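After this come two complexes, each holding chain A, first together with chain B and then together with chain C.
Showing the complex of A and B:
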């Protein structure tokens, strides 16, 4: 059984987190909330999403899996306005999800989840931890987009630094410790990442909300933040660029 | 029901049937990646369907603990998709399907597999929209770009190697290592089938397995499929069951049929071959018509041959007129038997060619599609029917288009004519203008915005010229 009521903005937030990485997603439903973990088709990034039942207006569910076509769900959600309350209901007989937006009823066929993997979170050695406001990071990433397709992130004991280099232009964003909410590292860490992926990962975080970043040397980056009024939590992992020898 | 071809897909390279040399080469290439990025970052596996190319690629990934990323024909594979999956996959480190992360420095790589790489560029949304082929060359370019930047191993799988390296794919020849897959020996296929029967607990007569492995012509996948279909719901399969369910004969190709018609005089053999040949008699007739004069050098033989052929054609004509397909067998027998018996010598010829008539018809067809597209555009503007445009307007339009370059440039813009359409309008006689028109229309796009503010100050002379052009083109100006 899955029968919930949710604010349109919360559901849209979930879509913003998942759809840049995967088109077909398997949501694990329990009585305590929903979760998802998936690797993108290029095997470069991973997402882990947890949304507690408290994030919903009403929540009634048993343990089950929902296979959802994210593009389809996104286009359905475009029909709803901000502030709408959406009803989601699983129809077991037809294997469809019934979505009610106001007086509109939209039934959506679900994807077979058999064979969709359940990846685990890898254990990574990431010595550096930075917490900063989304707006600070956003500016640097937006500037880098115009210059290159990848950027370097560096953390040492005093600074967090973002650097992108194109054929002729460069972008540098240096944030000293006192501008950050937290900076903690034992060694200097540096890795290169795809700007496309990275900018999609921080896009769901708005304005002054904090983002937690964990970094290692030529290791994946771990990006964490909360959604749905702190009742949902997102962890992204992004693999670094291979630096040719 | 589980598909046996998936269930028994080889897990490691050692399990691949036949092709030891190719497998060794593949393994050698993979070892190079342990020491860093080798010079040839991609391999092309080329061979007939079902010989084990995809299996080899997947087994390789499994043997080396690489994460396979597969892009095959069932995915939409345009340039963007290739870029998004293959290119990003190629430049960045890997999470495995189960969420492990191993840096490439410690051997954690991904294997990017582009299946059916010889025919991925034709499948674009555009090409289905108009029923014509505006094939997107972007796919090939995206593959080349991906191989240029990759730090991960790439496997391209093709049936037709020349389809891949044709045209813009030329550079792939130098960038990729070619590994050819050949037909595995029937003996090797036989032992594979035997192994499958043992593990499924089905008792199958060895004669049946022999017959399947002989007839599959190296296509291991189809052999396994055939085995599964005859074993369906049975625990015991003997040669009688095989005959009873009418095991299908592998398709014979047109060349075998032609050879039998031209070389032998045994009508029964020819009938048998034609029966299994999945080709319309009308097409067989064209093939014989094309190759008869190359084969029968003796004039009398040739005459007799064509007599039989024309008689058969009469029957074919009646078939289509009356829609009575029973007549096909007469046509077929008169044609094949008649031609076979017409010869009094044996001839040394051994190469047969595709009917010229069909080839030329194909060309005409593609140009008539282009013409229809142009006519549609013209009719819409002139508010009359397509046939009226074709009969009364098109010829004048073509004439003006050929003789007045500035008109042509303007019309190209107005109707948004593609390069193909411009080429058609110009024909062979004025083809030299093609470049001029296209570059001029591109130039206009750039210059126009700059020119606009200056227009008021231009001299009378230019204005006059403008007017003159307008008078000439008034028909198409509304």
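Showing the complex of A and C:
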């Protein structure tokens, strides 16, 4: 059974987190909330999402899986306004999700989850931790997009630094410790990442909300933040670029 | 190459020289403002006159054009042309949405279908293609692109011609004698002189039956019609010709589409539909290299076992069509990752033509891969002959047996053995090669 009421903005937030990485997603439903873990087709990035039952206006569910076409759900959600309360109900007989937006009833066919994998989260040694405001990071990433397709992130004991280099132009964003919400590292860490992926990962966080970044040397980056009024949590992993030659 | 100075070729070259000197004088005066003149190599032509090959090309484009003009001139020196249209039509783009439409008619009889079927040109030489294309006399009739169903006879016959399966006898009366020389475009096949149409008549054509069905189905969307026809085995050039006269789509949305745009529209639509399937197939098991040489273009198609990605990289040698003044080789690329792209490819129509060919092969095998198409255009590629060259050359390359490799490094070594440009330069200009070499995957970190 799955029968919930949720604010349109919460559901849209979930879509913004998941759909940049995968088109089809398997949501695991329990009586305590919903969760999802998926890897993008290129196996470069992973998303891990938890949304507690408290994030919903009403929540009644048993353990089950829902296979959802994210593009389809996104286009349905475009029919709703920002204040709307959405009702989601699983119809067992037809294997469809019934979505109610006001007086509108939209039934959506579900995807078979049988072949969809449960990716494992790799154990990573990431010694550096930085917490900063989304707006600061966003500015640096937006500037980098214009000059290159990848950027370098560096953390040492005093600074967090973002650097991108194109053929003729460069971008540098240096944030000293006192401008950050938290900075913690034992050694200097540096890794390179694709801007395309990285910008999608920080886009769901708005304004002054905090983003947590964990970094290693030529290791994946771990990006964490809360959604749904801190009742949901997102963890992204992104594999680095390593330009050895 | 031999010619005496008393012959008309020398005269032709002499008048050219005056024109060239004028141009040079003018260009010195306002160097910055001079428009880019395509594929001409002015200064050296005067010194060379078709004998010394100073421009670096293996044959002289001036001479090639002159000879083909000379063969055709006596046949078209009149107001009335009749002949067997391959069938062929041309929709201009200048003045859009009011454009010049009309038939293309060669002053010869019989089965001329080869003249407008690029699929059959791979075994021809560039000179031959220029030769038979320059026979096509283009009639021009200005219409609004939305007027596909008027009682205007010229519109009606032009459409009928575009839907025809075989060559059709056509007769055109022009306002004046067709003028101009052979015209080259980057994407469209070249054609001959043109003139405004006064009257135009054709014998009853037999329609291509699949195309006819799509034409009368006024509820069938254009993109669905295109893919259905493609799957039914109709040649891409035939689909494109019918598409350009607004023969497909929901009735009220039908319109004329300039020939240049229609070629890429059809390539892109078919490729897009095939790509959706490609993304669902299992990956290939090895690194593959296909190779083919055509019109002094060297083609390598590199397939990498991973999720669908695509890139076309073109290297133009100095003194080739799109690098006439350069001293070095210029390299351009366009690419898309798994999700596809939403903006028009920087390098234009050939991107979509090659993408169609690549997806065709992957779909046939029911396999997915990342595909990098490398093109070296050497100086023997003396003039642009149209996007079909890209589509058919890549198709041809993919018909050859491929070489297998276990690693990307081995495959790249083979690329550098086959191509002239060093592998580092290819990598530097390639988004997908860089991505494959440098972007790690999450699996790479599972042991830690």
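In this text, the second predicted complex is superposed on the first by the 244 of 245 C-alpha atoms of A that agree within 3 Å, B and C clash if a C-alpha of one lies under 4 Å from a C-alpha of the other, contacts with A are read in each partner's own complex, and residues count from 1 in each chain.
Simple rule for what comes next: contacts are C-beta pairs under 8 Å (C-beta built on N, C-alpha and C of every residue); 3 or more make two chains touch, one makes a residue touch a chain.
Owing to the predicted nature of the structure, the values given are computational and were not obtained by experimental measurement.
A.B. asks: Look at where chain B and chain C land on chain A after superposing the complexes, then choose clash or fit.
C.D. replies: On the superposed model, which is not a single observed complex, chain B and chain C clash.
A.B. asks: Classify the contacts of A:144 with the two partner chains as first (chain B alone), second (chain C alone), both, or neither.
C.D. replies: After superposing on A, A:144 lies clear of both chain B and chain C.
A.B. asks: Under the stated touch criterion, which partner chain does A:45 make contact with: chain B (first), chain C (second), both, or neither?
C.D. replies: both
A.B. asks: Give one of first, second, both or neither to describe whether A:37 is in contact with chain B, with chain C, with both, or with none.
C.D. replies: Once the two structures are laid over each other on A, A:37 reaches chain B alone.
A.B. asks: Applying the touch criterion given at the start, work out whether A:125 contacts chain B, chain C, both or neither, answering first, second, both or neither.
C.D. replies: It touches chain C, and chain B stays clear.
A.B. asks: One more residue to check, A:117. First (chain B), second (chain C), both or neither?
C.D. replies: After superposition on chain A, A:117 lies in contact with chain B alone.
A.B. asks: Pick one for A:185: touches chain B only (first), chain C only (second), both, or neither.
C.D. replies: Neither: A:185 stays clear of chain B and chain C.
A.B. asks: Any idea which of 95-103, 203-211, 221-229 or 311-319 of chain B is the one running into chain C?
C.D. replies: It is 95-103; the other listed stretches have no clashes.
A.B. asks: Where on chain A do chain B and chain C both make contact?
C.D. replies: The overlap between the chain B and chain C interfaces on chain A comprises residues 39, 41-46, 119-120, 122, 124, 194, 196, 219-220, 237, 239-242, 244-245.
A.B. asks: Using the touch rule from the top, collect the residues of chain B that touch chain A in their complex.
C.D. replies: My answer: residues 36-37, 67, 69, 84-86, 88-89, 91-101, 103-105, 110, 151-152.
A.B. asks: Across the complex, what residues on chain A touch chain B?
C.D. replies: Checking each residue of chain A against chain B gives 37, 39, 41-46, 117, 119-122, 124, 150, 193-194, 196-197, 218-220, 237, 239-242, 244-245.
A.B. asks: Sort out for me which residues of chain C touch chain A in the complex.
C.D. replies: Interface residues on the chain C side: 279, 306-307, 337-338, 431, 435, 437-446, 448.
A.B. asks: Can you name the residues of chain A that touch chain C in the complex?
C.D. replies: Residue list for chain A touching chain C: 39-46, 119-120, 122-125, 149, 192, 194, 196, 219-220, 237, 239-245.
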